[in-house]
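Before anything else, here's the structure in question.
In order of appearance the chains are A, B, C and D, and numbering begins at 1 in each one.
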Amino acid sequence: MSILLDSGTRVVVQGITGGEGTFHTRRNIEYGTNVVAGVTPGKGGQRAVDGRVPVFNTVAGAVEKEGADASLVFVPARFAADSILEATDAGCSLVVCVTEGIPALDMARVYPHVRAKGVALVGPNCPGLISPGKANMGIIPGEITGPGPIGLLSRSGTLTYQVMYEMWTRGLGQSTCVGIGGDPIVGSSFIDVLERFEADPETRVVVMIGEIGGDEEEKAARFIRERMTKPVVAYIAGFTAPAGKRMGHAGAIISGSKGTAQAKKEVLEACGVAVGVNPTEAAELAIKALG
Amino acid sequence: MDLFEYQGKQVLARFGVPVPEGKVAASPAAARQVAAKLGGKVVVKAQVQVGGRGKAGGIKVAGTPDEAEAAARAILGMHIKGHRVRRVLVERAGDIVVEYYASFMLDRSAKTFLGMASAKGGVDIEEVAATDPGAIARVQVDPLVGLRPYHVSQLMWGSGIAPEHHKAAGALLERLFAAFLGTDASLVEVNPLVAMAGGGVVALDAKVSIDDSAMFRHPDLEAMRDLGAMGKQERTAKERGIGNFVKLEGEVGVIGNGAGLTMSTLDVVAEAGGRPANFLDIGGGANAESMAAAIDLVFGDRKVRTLLVNIFGGITRCDLIAEGILGALGALGDVKKKIVVRLDGTNAEEGRAILERAAHPNIVAAGTMLEAAQRAVVLAGGRRRA
Amino acid sequence: MDLFEYQGKQVLARFGVPVPEGKVAASPAAARQVAAKLGGKVVVKAQVQVGGRGKAGGIKVAGTPDEAEAAARAILGMHIKGHRVRRVLVERAGDIVVEYYASFMLDRSAKTFLGMASAKGGVDIEEVAATDPGAIARVQVDPLVGLRPYHVSQLMWGSGIAPEHHKAAGALLERLFAAFLGTDASLVEVNPLVAMAGGGVVALDAKVSIDDSAMFRHPDLEAMRDLGAMGKQERTAKERGIGNFVKLEGEVGVIGNGAGLTMSTLDVVAEAGGRPANFLDIGGGANAESMAAAIDLVFGDRKVRTLLVNIFGGITRCDLIAEGILGALGALGDVKKKIVVRLDGTNAEEGRAILERAAHPNIVAAGTMLEAAQRAVVLAGGRRRA
Amino acid sequence: MSILLDSGTRVVVQGITGGEGTFHTRRNIEYGTNVVAGVTPGKGGQRAVDGRVPVFNTVAGAVEKEGADASLVFVPARFAADSILEATDAGCSLVVCVTEGIPALDMARVYPHVRAKGVALVGPNCPGLISPGKANMGIIPGEITGPGPIGLLSRSGTLTYQVMYEMWTRGLGQSTCVGIGGDPIVGSSFIDVLERFEADPETRVVVMIGEIGGDEEEKAARFIRERMTKPVVAYIAGFTAPAGKRMGHAGAIISGSKGTAQAKKEVLEACGVAVGVNPTEAAELAIKALG
C-alpha cells in the first residue's frame, strides 16, 4: 500500500482531450496508471488518447460507468476550481490538480467544501504524485525514480525532480512522491501528507522539500516533533532570495522575518529534522537516516 | 500586483468605501491645480510602494496652492528606500479625531480570509502585533460563509474602536470586504481609518494587492499596472513574457525552470562563493524561442560575467533548450561570456548530444547542479564571499 | 405560500427567466382585451393551485379575441379538484418543439438544495420519477457553494435535454436558481420548459412556493397573497392572527397548542370514533384574548357540535387559557355547545381551579388527553366511524 | 454522563436581555443549569437576570472570559442564523436554538458550516433539551420530568411535554430529552441523537416522537435496525392529517405517499420499533421495553 495512489486507483482525467491532458495521460498510462476515463463536456462517447480512454461529459458519468475514484485535473485555470468541485461532488476521494494560475479566491472557496467532504486534494499548481512502480498521476517524469523506502513531499515542481533524481542516482527510490503545489491555497498541506507517510508501512524515511514564504514548514516541523516516529530530512530553497521580492509562484513571498529559509531551517532543526544545504546533501542525509 | 495609494483609493471608492477628495499629480504644476480646485488645506503625499514615507519627508501639509506646488516639488523625485517618487496624491485635509486600523487578507496558513481591526491605527501594524497583540482584533472569515454581521461585531468590540464609531466603521468594513472579494485582492488594508471631526469615517490610506492569477477577470486593474515603476529588465521580461525575472546584484546570471529549482540554483551559486545576478524562472514548457529570449535578457545586464542554465526537464524538453541556447548564441553574435549548461530529465541525453555536436566555444557542459554552480562561479571570477 | 402561475411567472421574469408574453384576466371581457392586444393565437389558462387543469378543460387555445373571450367564459367559475377558477392567464401561443422539465427545491432530507431536470417535460414529474427515474437528472447544490457550471452541466447531460438546447436551457436554469435564492423559495418548478420553433427556451408554466418564514424580506411577494383563495375560516384566522387553522370535515372542534400536540389530538379524537372539524394550533404563549378569538373562530363553523381544548402549558400559562375560555363563553352569550377542557403543565392547577370556581354549565373538565377526546366524541353524538 | 448536556456544561445565552431570554434563562438557572454568561451586543459589562449573569458583547468574549462551551440562542428570527454561526466560530461545541421562524435559506447556509466545524446544533424552532436533575437548556418545563433511564427525542414541542408527562406520572424519568425542532432544516437529526443515546450508559430505552412530513423517521428506522442495540419505542402524530394540507410548522407537510404517519409507522415496525397509537400507549410501551 502506497499513500493516496496505487495501482488499484481508478483515475479519471478532466480535460483529457486538451493538449496537456492527452500528452500526460498517455505518459501516465504508459507508466502503468489505471486511467479508466476522461471528461470533456460535449465529447462524451468519444475515445481519447489513441482510442484508449472512454470520454464522458461529466465526472459523475465516469464515476457511474467506470467506477473512477480519483480525478486528475488538466482544465484551464478559469474553469479548474469548478472541475475540482465537480470531482468532489461526484464522489472521487482523491483529486489531483496540475493546473497553474487558479485565482486564490476560487481556491479559498473550493477548499472548505473539499475538506468538509473528506476528499484528499493535491495541488493545484503542482506536479502531481507518483507511487513509483505502481502509478503516476500528473507530470512527474516517471523515469527518474523507482520504488523504495523514501516518502517525498514538496511544494515545488522541478526541484522535486532534482531531489528524486539525486536519490535515484544513489539507488534510492520512493514509496510515494507528492508535490503539494506552490499556490497560496493548496488542498493537502505538508502535515496532511506527513500524517499519511507516518502511517504507511512502506515508508521508512521522509524527505520534505520546502521553500521560502508562508509557514507550512514551521507547522510541519512542530507536527514532526510531536507526532512522527519516522526520521524526516528536509531541504529548503531560497536562502539567497532577497526579502520582499517575489520569486515565481505565490508560495514564495517572504512576509517579514517569518517565512525566510533561514527561519524555517532553524525551526526544523530545533524539531529534530536534519536540513541539507543543497539537494545533493538532502539525498545523502536521507541515506544516512535509513541507517 | 500592488496598487499605489491613489489607485487603491480609486478601487475602494468604487465599492463604496469613503475616501478623501483628491487627485494624483505627476508635476508640481499639476499638484498646484489640484490644490486650487480642492481649496483650503491639502495634504501632498508621495506615491511609493513602500512604508515609512512620512518619516522620510514624503508627506506634507499645504495651506495654499503655492505651498502645495512647493511641497510637490520637494517630494517628486525623492528616493524613499530605493523607490523614486514619480507621483504625488493631493487630498483635502480634514480634522482627524482618532486613527484606527482595518484590513482583510488571504490567510494562507489557515486557508481562509482574515479580518483585522485595531484602535491603534496610523502606526506600523506589525509593530503593534509584536508589542501589543491584544490591541488587534482578528476574525477568520470562512470564504463560503462570507463576512457576516457577527464578524463585524467581533472586530468592533474586540478592537477597542469607540462604540460611537461602530456603525460607520462597521459599514466601511463591509464595503472593504466587498472590495476585497470584488477585486480578487490578497490584501486590502486601511491604515489609518480615521474618524473625522464632522462625523463619519474615511480611509486615509489604502494598500491593495491584487492576485496576479485573477487578473484575467480584471482588465481595469491590469490597466493600472505601472511598468514604469519596474526596472528595465523586469519590464522587458514582463512585456515579452519571458518567465519570472527578478534583478539581483551579482555577476552570475541564472536561468532555471521552476521557481523552486531556480531558487535552489541561486543558493548553490552563493554556496559556491558567487553572487547571482538575477532570478529567472522560465517556467514549464520552455522551448527554443523562450530560451533564446531569456539568454538575451540576462546578458542585457553588463555586470553579468557568466550565465548558468540549470534545467530539469519535466514538461520542458532538454533538446529544445539546447537548441535555444545555440540559437541565442548565433543571434547574439560575438559574445565572450560563457554559458554553463546543466541538463537533466526529459530528453536530457538528446540535449547534451546537441550541445556536444555544436561544440560551441562559449558553452560549458556540467554533469550536476553543484558542479555547474562551481564552474559558473569560477568563470565569473571566483569566490567573492564578503 | 404558493404563487399562482401568473404570479410565479412575474417573479421568474424579474430574475431574467424567459416567459411567454401575456396577462392575467378576471373576466371574459378582460381576456378578450388581452388577446386583442397580443394579436394572433393565444392560450387561455385557468389559474388554480392544483395539477391536472389541462385534463379538466382548464386550458384552451384561441385563434381570435372572440374565441379567447369564449374560452375565458367557459373556464372562469369552473371547479377543478375543488378549486374555483377566479382568474385566467392569457398568453401568446408559440410553436413548441420539445418540452423539458426543470426545478430547484429545498431538499429537507439532505439539508441542501436539489436541482432537477428532465427531457420528459409536460407530464406529471412524480409519475416520471416513479416509472422512469433515470429520465430525471438530480444534483445536490451545496447552499454555501451555490449553483456552479458543473451543476448545470450535470443537469444538461444527465437529463437527455438535446445538446443544441444546452446553452439556452442552462442559462434559464442559472436564472431559475437566482430566482429560487432571491425569493426565498422552497420550490421553483418549470414544467414544461419548452424549446420554441424560433429558437430559445421559455418557461411555459411556473410553480413557485415561498418560505413563509422569509416573508419579512419580501413585502412584494406578501402582497401577492390571495386571501380570496382561502376558505372563510382560514382567511379569518390569517387576518386576525389566530394561530394555524386548517378546515376539516367533522363535528369535533379542536384547539391545541403546538402543531405536534394538536395533530395528536386529532388522532385521539379519530381513535375515539369522532371526526375532527378542524386543526387549530394556537401556538406558544397563547393568552386569554387569543384563546377567546380561537373559540369564536371554531364555533363559526355550524357543523361543530363540541369543542375540545387540549393545552399542555410550557410557555403558555394554563390560568390564562382558562380565563380566555370563560371570557369567550361570556362574549358568545347563549351557547349550547360544550367545551371539553384538558389542562396540564405550567399553572395547570390554577387553570383548573379557575374553571372549577366558574362552574360554567358548558365547560367539561377532563383529566387526561384520552379522556378529553372520549368525552368530546360522546358529547358530539358518539362514535361515527364509517 | 448524559448526552450533550450535563451539570458541567457552561452555558452562554445569546439574546439574554430580551424578554424570552431573561424569562427562560432564569428558569434554566433555577433548574440548576450552569449559565455562565449572556450576550447582547452593546450591553457588555452589564449583568442580566437579576444581576446573576455577566453580559458580553460577543460570544467570543463569553468563551474567553467565562469558558462558555455551549450556547442557547433566543435571538429574533432574522438575526438568529448569524447567532448560530457566531457561537460556532467562537468555539461552542453545542448550540441550542429555540428561535422560531428562521428562513429556511438561512438555515441551509448555516448547516454545512456548523457541520464542518463538528458542532452539535439542536434546533432551531425547538424546545431545547433537558438532562433531568442536571441541567435544562431551553423552554422544556423542568417540573414534569425527572432523572431516569429513558432517552427521549422529538420533532415536536408540546407533544414532547405530553409524552414526558405521561412517563413521569408513571414514575419514569429521562436521561436526556432532546427536542430536535420541526423546521425544514434543523441541526441534529434523529439519527445524530439516536447515535448518542446508543452510546450513553445512562440510557436503557429510547422513545422517539415523530410526525408527518419529511423522511426523518424512515431514515431513523433503518438506522435503528442496523446500528442500535437498545430498544426503541416510537409515537407518530398526524394519522388524521389530510394529505397535502399544512399543519403548523413546516416540518408537517405531507409530500405524496411518502411522509404519511401510516407509512412511517409501517417502516418503523418493519425495523423492529414498537409504535404507540397515542402518547399514553407510547409511555406504556417504554415501560414494557424496560422489562
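Please note the rule applied: a contact is a pair of C-beta atoms (placed from the backbone, for glycine too) under 8 Å apart; a residue touches a chain by one contact, two chains touch by 3 or more.
Given the structure is predicted, the values throughout are model-derived calculations rather than measurements.
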item: Steps needed, at fewest, to go from chain A to chain D via touching chains; value: 1
item: Connected chain clusters in the absence of chain B; value: one piece
item: B-D or C-D, whichever has more C-beta pairs in contact; value: C-D
item: Chain separated most widely from chain C, comparing mean CA positions; value: B
item: Between chain C and chain A, distance of the C-alpha-averaged centres to the nearest whole Å; value: 53
item: Chain B-chain C separation of Cα centroids, rounded to whole Å; value: 59
item: Cα-centroid distance, chain C relative to chain D, in whole angstrom; value: 27
item: Junction residues of chain C, two or more chains touched; value: 142, 144-145
item: Numbers and ranges of chain A residues touching at least 2 other chains; value: 109, 112-113
item: Overall pattern in which the protein chains touch one another (line/ring/star/complete/other); value: complete
item: Residues of chain C defined as touching chain D within the complex; value: 106, 108-109, 111-113, 126, 142-144, 181, 184, 186, 211-214, 216-217, 244, 246, 248, 256-264, 266-271, 276, 279, 281, 284, 312-316, 344-346, 368-370
item: Partner chain B, residues of chain A touching it in the complex; value: 20, 77-78, 100-106, 108-109, 111-113, 127, 139-141, 144, 154-162, 165, 182-185, 209, 211-212, 214-216, 219, 235, 237-242, 245-252, 256, 261, 277-280
item: For the chain A and chain C complex, residues of the former touching the latter; value: 41-42, 44, 57-61, 79, 82-83, 85-86, 89, 109, 112-113
item: Touching residues on chain C, where the partner in the complex is chain B; value: 144-145
item: Residue ranges of chain B touching chain D (in the complex, touch as defined); value: 139-140, 142, 144-145, 148-150, 153-154, 157-158, 163
